[in-house]
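What follows is a group of structures, each given as structure tokens.
Same chain, two partners: chain A is paired with chain B first, then with chain C.
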Partner chain A sequence: MAKGLGRKALPWLFLAPMLALIALSWIAPLFLTVYLGFTDLSIKNFLAFIRNFFTEKVHITIDNFRRVFMGGDPYISEVFKVTLLYVGSVLLINAGYSLLLSISIAYLVRNEILSMILRVSWLIPRITPGIIYALVWNWFIDPKYGLLNPMLSAIGVPKAWLPSSWLLDKPYSQILMIVVNGYIGASFGMIVYTAAIKSIPPDLINAALVDGASDFQVARNVIIPLLRWPMLFVTAWQTLSLLASYDVILMIWGSGGGGGYAGIARAAGVMVWSLYSYSKAFSEYMYGYASAISLVLVVIGIVLIVVYFKLFGFRRLMEPSRVEV
Partner chain B sequence: MVKVTLDNVSKFFGKVRAVTDLNLEVGDGEFVALLGPSGCGKTTTLLMIAGIYRPSRGRILFDNEDVTGLPPKDRNVGMVFQSYALYPHMTVYDNIAFPLKLKKVPKQEIDRKVRKVAKLLRIDNLLARRPGQLSGGQQQRVALGRALAKEPDVLLLDEPLSNLDAKLRILMRAELKRLQKELRVTTVYVTHDQVEAMSMADRIAVMNAGKLQQYADPQGLYNKPANLFVAGFIGSPPMNFVEGSIREDLSGGYYFDAGAFKFKLPKELGELISSKSIDVVMGFRPEHVKLSLNREEYSIEGQVYVVEPLGRDIVVNVKVGDMLFKVVTKPGVELRPGQRIWLVLDVDKIHFFDKFNERAIV
Partner chain C sequence: MRGLRTSSYIAKYKDLLQDVYPVLWNSVKYKGKIWALPQDTEARPLYFRKDVLRKLGWSEDEINALPEKIRSGEVTMLDLIKVAKEAVSKGLVQWGFYHRPNFGAQPFVIFYYQYGGILQDPDTGKLVLVKSAMLKSLELLYKMAQVDKVLPPEMIGTSWRQIHSDFVNGRVLFWLGGTWHWAEWQRVAYHETLGKLPEDYEWKNMGFALVPAPEPGLKPLTLSSPYLYYVTSQSKYPELAFLLILLATSTPLDAKHAVDSAHLPVRMTTVDHPYYTESRFHTEVAYMLKYTTFEPLHPKFSAYKDAWIAAITKVEKGELTPDKALDEMVSVLKSEIGDELIIKE
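Entry: the complex of A and B
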């Protein structure tokens, strides 16, 4: 009897620290965000708000959502467009380009050592500390000392095409945002895809070669169709994570002077939804409004998750490198 | 249809010598089996003929054209893989049509050929299915259909029957042989199963450790094995071997001395062997021995050890000294373990091999 009880209690004992952390850092903030999204909490009424937490003196309001959806915030539509550009373009790199990359690395390049070097080179940004990655880019694009402009000139790009500032001049700043995030994100797809390609039985590829396929036809007719599930998985996963990610943008456009990160990101046209929420909260101190903006993202995320689960089925989604053979 | 010639072909993977100096000629329309234990280089050889592997040395000729450097798609070979390697995302129809589509054959022509080959292989009712919905035997026929639909010059088969159950395997053996004779397509068939090779092939190339051991027709391999390996590999149960030496007795006759027993040899045979080697291995097939309850000429005395009835035949294990010999005989005689018995050998069917270079003497 005591033994049976121990067996039931033991896992919970082990799980307790993690569950407590999840509750504190994940579930509680979710509820707080929902609550705050319906308040007018800001730096001005912060102390009074804390004092009156959960009392009738705190103003419960839907003004925040009115601002998001009814044009109360004139800037929100541009944030929406930038977010679409960001998620769409980086997704193209992370889920699409990384597929071409993986086929090249795992199939077309027969030399194992070269293939490994190529794989590692795409993993470098992921294993570099994020802040270093951002710093290196900042140096790289510097108009005075950076290597990027001289390199582009060297391969024949006319001077007139080069921006005076990669950070600020649209659309260069937006291209930079896409490239910088794509370079990090492509490695995720690459890991999933190369594992999947390597798990395709060699016989299948040999059969296609004997049937008369060129390398390109093998990739198109055999490899890509067999990667359907990994592709769907990477696309779903990357959409969700791109919607919520702004760290690299914050690190690159956040450094450098003049009006703080929010100002630069806005002027540069790289203000994505999640960064906008962050800047509203931590540079303009409009906590209530920032929560409301986040909440919209949370709802979009949940809707997408439900859609993906419906489309692919939860269990299949949880098997990243599945190949149908 | 073409004649396939392997001219001194070798394939090395790093330090591993998968195939060494292989010379082989497969005649136009001939059915040749590559037979050997796993790892003997037979599949490597097949993949070199297909063009998947490039030989490290040597040349491969189709008729008199050197194809050594040609990619698979320019060789017009059809291949059936051991795993069948059907495209799981395509229907049976599309699997068979795939090589034709790659050849840019017109659509109606593809349709005609696919249906023809499907009918030939009796899979015309399965064309809309996917490989995952087929049984092993059906998959095997689809794989064969895919290889045949493009009307290849050479058909390569890599252990195509090994994933089928025993009954179906025997059925498909005959089926494949009939099909090959009907289509007259030059065929190279890889197998480790000597029964498959013996029953289907016109000629068999026995390979071991990357080297060709013997290339002959089935009867030739059985009656005149070139060395110990072939002698032991062909035949079931395998040939009995016993080491010993050839000696001359006082009267000028010859006998084989195995230590545990002495075996008198006809004079000409003894002279022939002893002129080539003294230390030899004697071999005799289980089916070339007669059991006798009395001593006879050319017999070895032993004791019944175990009797294995197989229905049509019985396999009697006979203990001679500390050696065990297998004898295949007809049922009928009552044999008890421990019983004294004589193995009467058919002198014309005894083999002798040089103990050191393992080559056949007689």
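Entry: the complex of A and C
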């Protein structure tokens, strides 16, 4: 009896550190965000709030959500549009382009050393400290001293098409926002896809080649169908990451210091939802409203994951695989 | 933690605080009460290139008299815009003016104050928007960037390195900067041949003055953002803490801090301290404190700044006219700040 109990408890014992970590770093903040989202917490009532934490003295209200959804915030619709553009476009790079990149590197490039060098080169932005990455981009796009405009001119882009400011001129500022984030994100998908492609039994690919399939047909009809799991994982992971990411935008558009980064980001058309929440919390000290804004992201993230499960056929993916990948 | 109202201690130790620049008390007041002691301060001058003015035909006397003429209101921003246009048209500089690439208060708050704007109601502590002053200040920036083309339309977002490099190398005639930049140019190699600037080079080729009155009849000003010493309301020995910060701002320490960190003193007696008088720059710039102004102390001022800088960016780029930008700013501020904002015509 005691032995049986011990066997049952053992897995939980091993899982305990991870569960504790998840509870501390994910469930507790989520719970707090939900709670704060329904309060009017700001710098003005901060001390009183701490004293009355989780008591009936805290004013519980749905005003924050009314402000988000009923037009009380003049920026929110613009922020939503920019976020849609940002998440949609960067996701295409992170989940779509990285797939093409992985097939090119892991399948089409037969030389293993060259393939490794290419993989490592795509990892450079990911392993570079964020602030250095942002700084390098700031130098690169500088209209006067940066390399970007001269490089574009050298490949034949007319001068009239080049912006005088990559930071401020729309849509160039938004293209920049997409590219700088996509360049980091693509490496994540590339690693996952490449590992999956490398684990496809060579017999399957060789059989297709013997049957006369072209490389394109192998990629389309053999490799991609076997990557549904990694594709679901990368798409879902990247969607959640992008919804919550703002750090590179903050570092590039707020690099001058001196305050007002949120105003500059708005004028440049790069104010994404999570940066908006950050600015509301840490520039304007509207903690309750910022939590409500974040909560909307959590709900959107959950809805999107459910949609992805449907799109990728989660049930079928859970069935025993006919091929070991 | 909340700051402790220090008014009672200031009254008790007033004999030890008589030499604090009176204007600096405005920076620590909220709803008429004093909450802190200023620790240090600075000023935001208008720097100018003497070498470019020489090439425009100005005599040494005319160049040396410029700061005083700005101080007296004889020379205004409108006059300097004309000078800048001339320098640009003759190919002596690429741009007439540079200002900060972010909010940083200079010169936006200064222009707004010069046109009669106020940012905080002294009695209620609420933020204030005076529409006529804001419109005038936006119109001035529009004129500089879009009409006379002496200011880059994409000034906001320009890299700091480019700004310093362009001014230090003489590609810009006027730079609306801060007093600490004088020291920065000596410590960072911005100059393309000299690297770090010797101070002699600065005295020979650069000058500084108050931010001129935008137009005749208005006043020159500058702006400071002092660091402040607070005593928290949780302090067990608040009077002892107050005496400690009083000592920390005493004349010898004030002089040492001001000179070593390229800031300005908080006490009038500091400007006569030997350590301070040894620094020519500090001595010559100290008068600006009599013309200084401050940003408001208000938790919602960040929201105000965000709406303001968005308006400035759009106006300078020519995306919105000043009146349209003001309308947008007013509607945003009403929504963001609500009851804490007073709008005046």
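Here are a few things to note about the model shown:
Heads up, the rule we're going with is that the second predicted complex is superposed on the first by the 250 of 325 C-alpha atoms of A that agree within 3 Å, B and C clash if a C-alpha of one lies under 4 Å from a C-alpha of the other, contacts with A are read in each partner's own complex, and residues count from 1 in each chain.
In the analysis below, a residue touches a chain if its C-beta (ideal position, glycine included) is under 8 Å from a C-beta of that chain, and two chains touch if they have at least 3 such contacts.
Everything numeric here is computed off the predicted structure, so don't read it as measured data.
With chain A as the common reference, chain B sits beside chain C without any clash. If you count the residues of chain A touched by chain B and by chain C, you find the higher number for C. Of the two partner chains placed by superposition, only chain C is touched by A:Trp253; chain B is not.
By the document's definition of touching, of the two partners only chain C reaches A:Leu47; chain B does not. Once the two complexes are laid over each other on the shared chain, residue contacts for A:Ala268 go to chain C alone; chain B is not touched.
In the overlay built on the shared chain, the residue A:Leu209 is in contact with chain B alone; chain C does not reach it. When the shared chain is aligned, chain C comes close enough to touch A:Lys144, but chain B does not. Legend: residue contacts after superposition of the two complexes on their common chain; A:Ser283 is shown touching chain C, with no touch to chain B. Once chain A of one complex is fitted onto chain A of the other, the partner contacts of A:Pro74 are limited to chain C, with no touch recorded for chain B.
When the shared chain is aligned, chain C comes close enough to touch A:Ser165, but chain B does not.
This overlay, made by fitting chain A, leaves chain B and chain C with a least C-alpha separation of 52 Å. On chain A, the positions that touch chain B within their shared complex are 201, 203-204, 206-214, 217, 221-222, 225-226, 228, 324-325. Those residues of chain A that touch chain C in the complex are listed here as 42-44, 47, 72-75, 138-139, 142-145, 164-165, 167-169, 253-264, 266-268, 279, 283-285.
Of all the residues in chain B, the ones that touch chain A in their complex are 47, 50-52, 71-73, 77-79, 81-83, 85-89, 98-99, 102-103, 146, 150, 156. On the chain C side of its complex with chain A, the touching residues are 2, 100-105, 153-154, 156-162, 299-300, 302-303, 305-310, 313-314, 317, 319, 331-332, 335-336.
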